[in-house]
Amino acid sequence: MPAATQLKRTDQGSVRIDPADAILVVDGITKRFTTPDGVLTAVDNVSLTVAPGEFLGVIGPSGCGKSTLFNVIGGLMDGYEGRVSVAGETVSGPHRSIGMVFQEESTFPWRSVIDNVAFPLEIAGLSKAERYDKARHFVDLVGLDGFERRYPAELSGGMRQRVSMARTLASEPKILLMDEPFAALDEQTRLLLGDKVLQIQQQLQQTTLIITHNITEAVQLSDRILVMTYRPGKVKRIVDIDLPRPRTSEIVSSEAFGRYVAQIWSDLREEASRGMRDDESRKLQAGEKP
Amino acid sequence: MAALTKTRAFPAFVGIFALVAAITLIELLIRVGVINRFIVPLPSQIAMSFERVIVEEGIPERFWLTLREAFWATVLLTVFGVGIGVLLHRIRTLRLATETWVAAMASAPTVLMYPLFLVIFGRSANTIIMMGFVAGLAPVILKTVEGLAGTRRVLIDVGRSFKLTPWQLYWKILFPAALPSIFVGIKLGMIFALINIVGVEFLINFGGLGQLINELAERYDLAGTYAAICFVILVSVLFFMFTERVEQWLRPVN
Amino acid sequence: MAETGQLTHAPVGLPTLSRVTLLRIAIIVAILTIWEATAASGLLFRDVVPSLLVIGRAVANLLVENDFYWHLGVTAGEVGTGLAIGGLAGLVVGIALGANRFLSQAFESYLYYLGPTPKIIFFPVMIMWFGVGPGSKVAMGTISCFFPIALSVAAGMRQIDEVLIRVGRSFRANTWQMVTKIYLPAMRAPIVNGVRLGLGVAIIGTLLAETKLSNRGVGFLIINSYSTFNMPRMYSLLIVVFVLAIGANVLVSRWGNLEAVKGR
């Protein structure tokens, strides 16, 4: 029976994690971009902590800087204020303890499934036998056993995302960072893959941070949810998801689930409509059709 | 009947039939005397000289000669073309400076330099190989650069997230991603090279198949000349089909 | 999303040359220097690499020679005629193949597979049919450019927006009107591309024919300088031909871009 770290509750009922216990500390991240229209603040003083084994969901409207945050934490972006640290070490570039799963199609089309998954092990210098052995374990974990020799072109979109996930998991990162990994998939596939992810996360006790715009998905998967505001992206609220673990996709029909979704939606709706108005007025100014 | 015209086989059949009909018509017109048989030999005669030409003029040896020249030209344009392409991709300023020059070279009439190459390399296979190389180099460079530059951003990000060194990034991600484009470039290069190789063989009267046509023409062996031309067309078509097959075979992987 | 960039301002009054331009100049200078060094050192057979000065003088001499312009005119005439005949034939055949699916399936593969054959090998036949004079050269240019133009036009026909064709038919336009008022205007880009390619191969075909068997034209001048081992003259001829060929290519491209802008 997997158990998350004991989460201390504050007076307001929201959860705070002692930075000493946290495995990922994001401290005061502010990122600005210079565009032809002036300086744009994508992310404004965002802080969060993630406990070992925890599943944190980050949700926000389009334009809230989620992807910027993803790239900053993952070490793919620099030029920001603030600090990111993993198990005490400051992140300044891609970190071996952070594994990233991207939103876009990212399997290597020229490699078979097993070769894709074995990629990080190949980089680490493992022998062929060793890395195939390990890779096979992760291919099984995501439920693609039997497909080792296939090529991505022969697989469905959902299967390809599983390959990407297995590849990242094979590098055994302390923290799994996922940016809208299921964005391109249909609702039913998303729910089933969500099941898979829950199962894996619970089995591996994998600390996971998922960025999404899908409320159902966030509530289904997370222990806590961070709601972000529209640009400039700030932390609006942290919601404690007190649903039982282990979970499956059946949870979506429970009453508690519905309440959480409603609660988060009311926060999001405000931000999302601000985003829409902003977008429309910008387009009007630019002379485009809204 | 209408349904018949919609099938794939029928139009192809009509095409072949039309060709055969045209040849038969020419045969008739020559026999009747409408077409001068000293300008256009009888198709039947041409067909009969095929065997003679193949045996007496040593078609197999000539074929191998031309093939060897094409092979070496291909090796050169692959090595230098891909190498220069990678170099141009790595050094952005160099690429910006020279890309238009390379594109211009692709459309320049390089084959006209054959007298110059004759002086430098003499009347030898080297002249022919170099002419093929020069003709086919530009497309390989251009396609290599295009392939490398066109690698999807997310694949590079995956590499960066796994902390790949620049060398690893090139070898394990950029290069494999660019391979389909590179092969298209090599295919184009090979075609240009072969065209120029056979052409120069004809022009300098040295080498394999191209030289044969020249020789037969100078001997006023009408039927033989036509037969040799047909043979070269056949080789060229087969070669082209072969490169298409290779390209198709490589594509499903992507 | 753009990163913050700093604009560097050059001191006022100095022309700023971009790094690209500087590199280009550097490359050209390097090549010329290596050439001159090779020429002076006598490493290669003396006359193969003449000094730049000698080449320069040869080019100058060439450009003031009346004879040269006469030969150039002959070649230009042959290329132009070949392009006109081959282009027109290519256009007609291309439209026919593009418009009619059956014809395309029956015959287009012949063009497709005959395209990449070296047309110069047909030259002996052309001589037999058209004699040793300009006729055979024009014929070479014609068959050279016919194939790429026909294929380009056929492909272009198939890419025309269906709607436009239906509009023409609904107004009961006859064939001639369809061609001039719908097909041709809609196919500006593929036609220009085809002409560009066709011009290139027509030039090559015609010039090669002239080097093989002729007593006039630029090709003849080139092979003549070879047989008299007048290397500086050969270089100057090649330089002029290359500049003209690339220049013609650029001009056609520019014209094509203008057309494209109009078409929008």
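For reference, chains read A, B and C in written order, and residue numbers begin at 1 within each chain.
We adopt the following convention: a residue touches a chain if its C-beta (ideal position, glycine included) is under 8 Å from a C-beta of that chain, and two chains touch if they have at least 3 such contacts.
Only a predicted model underlies this, so the values are computations on that prediction, with no experimental measurement involved.
A.B. asks: Please identify which chain has its centre, taken as the mean of its CA atoms, farthest from the centre of chain A.
C.D. replies: The most remote chain is C.
A.B. asks: What pair of chains has the most C-beta pairs in contact?
C.D. replies: Per chain pair, the contact count peaks at B-C.
A.B. asks: Give me the ID of the chain with the smallest distance between its Cα centroid and the all-protein Cα centroid.
C.D. replies: Of all chains shown, the one whose C-alpha centroid lies nearest the global centroid is B.
A.B. asks: Hey, how far is the Cα centre of chain B from the one of chain C, in Å?
C.D. replies: The separation of the two C-alpha centroids amounts to 19 Å.
A.B. asks: Please report how many Å separate the Cα centroid of chain A from that of chain C, as a whole number.
C.D. replies: 55
A.B. asks: Roughly how many whole angstrom separate the Cα centroids of chain A and chain B?
C.D. replies: The answer is 51 Å.
A.B. asks: I need the residues of chain B touching at least two other chains; which ones are they?
C.D. replies: Within chain B, no residue contacts more than one other chain.
A.B. asks: So in the complex, which bits of chain B are touching chain C?
C.D. replies: Touch residues, chain B against chain C: 5, 8, 11-12, 14-15, 18-19, 39-40, 93-94, 96-98, 104, 107-109, 111-116, 118-120, 191, 194-196, 198-199, 202-203, 210, 213-214, 217, 222, 225-226, 229, 232-233, 236-237, 240-241.
A.B. asks: Please give the residue numbers of chain A that touch chain B in the complex, ascending.
C.D. replies: 74-76, 93-94, 96, 98-100, 102, 104-106, 108-111, 119-120, 122-123, 151, 153, 171
A.B. asks: Applying the document's contact rule, which stretches of chain C touch chain B when the two form their complex?
C.D. replies: Going by the criterion above, the answer is residues 19-21, 23-24, 27, 44, 48, 102-107, 109-110, 113-114, 116-118, 120-125, 128-129, 196, 200, 203-204, 207-208, 211-212, 219, 222-223, 225-226, 229, 231, 234-235, 238, 241-242, 245-246, 249.
A.B. asks: If we count contacts the way the header does, which residues on chain B are in touch with chain A in the complex?
C.D. replies: 152, 154-155, 157-158, 160-164, 168, 172-173, 176-177, 179, 252-254
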